[in-house]
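Below, subunit A partners subunit B and then partners subunit C, in two separate complexes.
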Partner chain A sequence: MSWFFTIFALAACLGAVAVVISQSVVRMAFWLVVSLGSVAGLFFLADADFIGAAQLLIYVGGTLVLLVFGIMLTASGPYMKIPASPAETVVAGLIGLMFLFMVFSTINDVDWNGSKDRIMAASGQTEKPAGFDDGSEGNTLRPLGFALLGVRPDVKDGAGYLLPFEIASVHLLVVLIGAAYLARAKRRQDVA
Partner chain B sequence: MQPDLSSYLFIGAVLFVCGVICMATKRNAIGVLMGVELVLNGANVNFVAFSKYTALGLDGQVFSLFVIVLAAAEAAVALAIVLNFYNNHLTVDVDRGNKLKG
Partner chain C sequence: MIYTLAANSLSKALEGQSVPLYGELTEGNALVVAAIIHAVLIFHVFALCPFFLIWLERKGSGRIQDRLGPTRVGGRFGWLQSLADGIKLIQKEDLCPPVADAMLFRSAPYIVCLASFAAFVVLPFSHNWVAVSADCGLFLLLAILSLEVFGIIMAGYSSGSKWSLFGGMREAAQMVSYEIPLAICALIPIVSAGSLNLGEIGDMQSGHLGNWFLFHDPFTFVAFFVFFVVLTAGCKRAPFDLAEAESELVGGFHTEYSGMRWSFFFMGEYASMFALCGVAAILFLGGWHTGIPGLDGFLQTARAKGAATGEFNTLGYLANVIGAGVFVSKAAFGVFVQIWLRWTLPRLRIDQVMITCLKYLVPISCFLFLGATVWPLLFMFGMGQTTIHPEPLGNRAAASWPAEADATESDWSASTIPDEQLPSDSAPLEVESPAGQHAVSANKNVELQVRNDSSERTALAASSEVRQ
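Here is the complex of A and B:
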């Protein structure tokens, strides 16, 4: 298990760094596939089996194919590589390292186990909710489906997600219609 | 390396910072989009990690599902805009989109 975690973690981080470093858009898309696929592996290791599958299906299978189509339609000839100036690269690297250092030190400073105990005490729970975070199970499909239908059998007095689910559905429909409208082939009107 | 909450958070932080740098430095509009995807994935890693290692429970996983769906919608709209930009300017260099500059 820990070997898998190390491999997936390294692939995710190195893929993300390679996305930043590489100049060609097509190579960026490839490294993004590596990074997002490894993140899906991390989801599987965190007992989030449905999220991992959705990540593979929607992100790697859907969004990235969309991006590759965008690259194919727009990257013609001289626009494959648009280099940034060296000064910009140095400044961006410095700011990124400082930002990363800040976030890392914050993660190190916070007492996560103590905060977990405080949250559980505040919400009146005595043990962790069962069914998904037990390492021997990882079967999240049924509780997730119930939660999206507004029923939470696994949590005491838990609220479901029926309204956000409906909003997301309508949002997706509107967005897809809008995207098709925006990207339609326009008739060229030549002004004489 | 034994997986625990902090290691997942470190991975999420690396993804997030890479995405921000990608958004800030890439001049290709599609590269900027890829940076956005990286940022959203860093947030997703954090959600799933908190869902497993804290008392957050299943809510984190539901939120990461919504994030995935909204990221797909965002990519569709942004690509349509990029294609429109390309049709009008014959390039996807975001520095060339300065028509509204005063």
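Here is the complex of A and C:
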């Protein structure tokens, strides 16, 4: 398992670094694919198959197609470059380092074993033996679907996420209708 | 166990085995070896698909346009033509235009190939014959196949040629719009199946022809044809091949490519044609089931018995080989129809392609989706059952699986809802409904996916009883 983890983690990190270093916008998009795709791989390794697939569809697929669309429709010349000035490099580097420090210290402070025990106690699950368990590993879709419909069978007296799900879906519908309204062909006013 | 990832069960078998030159395999290394074995097997399918399908395309186009197609290479039907072409393409010079963005230009064909290869990972060929049996299989497959566009856009952009750029733009516009009806049409049989696991969807359609989701209700029947049109467009096949329209754009996005990199695009295209036609076969055409009642029941029983033993079982293996053969021929027939369409219909204009999708296919698929969700409700209120068929799908040819029944039961309760934790209003419904009784009486004989299916139908049927 650690082999795959090493490969995907390295690819994710190196891809992210390459996004920052490269100056051509489309190359950045390519490295973003590498980085986000490797994160999807990490999700699969963590048995979160739905999140992994959603990562592939939404981030790697959807966002990047939009990004490339934007670049191709807006770029003034071929192979648009974004050179960074030294001041920008320094400021961006400092912000990046601060963020790294913040994430690192947060991860260090979390009591992982304690929170795992608490989750186990809340959900009534028992410790699974190391290695491969019964076939239920990596199949999160059904529980997720139930949770979105308001049923949480895995948690005692757990309420699901029906209301947030409905709010998000109505919100998306409104956005969709609004986009269709804005993008529709305008009727000519000056015909008469 | 049906949910077990195939690579995991294989790695379990490999674990502790001693290998010459290496010694004993540890858990992590066994998984790597198992994954490599699966990848190599799938790679052969992935590579042999284009090999056969390109030959079929040549022969088909030859026949349709009153020519012969390849006849010389490899004896009688020119069946070695694809191999000869492959050797020719490997020998060609690997050109890269000086104005191109070399790194992106060189890596674009690999992205296309990688995306269509990865789709085969979740594509089942028969009962349990799948590298990764994921619950979100269909979702994952469509997500992976949508990455293919990225390679094509990249090829179009980085070539430094106007033809390529136009091809890439057209492809991007086309794919972004056609993905919507593709996903909606794929959801229509899912409404009836209640699962996104491609293996489960396939197994539900055993029994006779009427159990195929194609004949499930009028909406799925129409949805199949809409889905097929959309997947033809999704594979950028004629009459939707605007991205490479040779009469306008020389070669479209692959104008500047030569040799092996050029052929990678076609490997990816033919492999994803096969993968998507395979998805259509699983979703609508009964997957690996023949549709002949007696034969199907026997084969499915043999498969399930073989899977239940947990080790190699000749009869189950042979039944699976037959199933894989049936599945591959269904998918290949789908590709043949695409070839037929390509050489029969003239190419659409780009605005016609977009109008076809946005003005016709999207509303049609939305209407079909609505109909497919309302249909079971109408039947439920009218007749107290969810389909025309008296019993839920899947119970028909439930394969007997005695040895596995206990294990599956515990799996099922572990992986999905334990009955006692359901909300109180749905708990008593389990026993009252006819489907529930069926599930209880056939308890030891129904498969896991049948249980899942029938439990969903139980909830539906039971709520109808409450209302009556």
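Please note the rule applied: the second predicted complex is superposed on the first by the 142 of 192 C-alpha atoms of A that agree within 3 Å, B and C clash if a C-alpha of one lies under 4 Å from a C-alpha of the other, contacts with A are read in each partner's own complex, and residues count from 1 in each chain.
The definition used in the following text is that a residue touches a chain if its C-beta (ideal position, glycine included) is under 8 Å from a C-beta of that chain, and two chains touch if they have at least 3 such contacts.
Note that this is a predicted model, so its numbers are computed, not measured.
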First (subunit B), second (subunit C), both or neither touched by A:30: second
Subunit B versus subunit C as contact partner of A:50, first or second or both or neither: both
Partner chain in contact with A:168 - subunit B first, subunit C second, else both or neither: first
Partner chain(s) touched by A:20 [first = subunit B, second = subunit C, both, neither]: first
First (subunit B), second (subunit C), both or neither touched by A:104: first
Partner chain in contact with A:141 - subunit B first, subunit C second, else both or neither: second
Partner contacting more residues of subunit A (subunit B vs subunit C): B
Residues of subunit A at both interfaces, subunit B in one complex, subunit C in the other: 1-2, 50, 54, 69, 79, 131-132, 140, 143
Subunit A contact footprint on subunit C (complex, rising order): 1-5, 8, 11-12, 27-29, 31-32, 99, 101, 103-104, 107, 111, 134-136, 139-140, 142-144, 146-147, 149-150, 153-154, 157-158, 160, 165, 168-169, 172, 175-176, 196, 410-411, 414-418, 421-423
Subunit A - residues contacting subunit B, complex: 1-2, 5-6, 9, 12-13, 16-17, 19-20, 25, 28-29, 32, 35-36, 39, 42-43, 45-48, 50-51, 54-55, 58-59, 62-63, 66-67, 69-71, 73-75, 79, 82-84, 88-89, 92-93, 95-96, 99-100, 103-104, 107-108, 112, 115-116, 119-120, 123, 125, 128-129, 131-133, 140, 143-144, 147-148, 152, 154-155, 161, 164, 168, 171-172, 175-176, 178-180, 182-183, 186
Subunit A residues within the subunit C interface of the complex: 1-4, 24, 26-27, 30, 33, 37, 49-50, 52-54, 56-57, 60-61, 64-65, 68-69, 72, 78-79, 131-132, 134-143, 146, 151, 153
Residue ranges of subunit B touching subunit A (in the complex, touch as defined): 1-3, 5-11, 13-22, 24-31, 33-35, 37-38, 41, 44-45, 48-49, 51-59, 61-62, 64-66, 68-77, 79-84, 86-87, 91-93
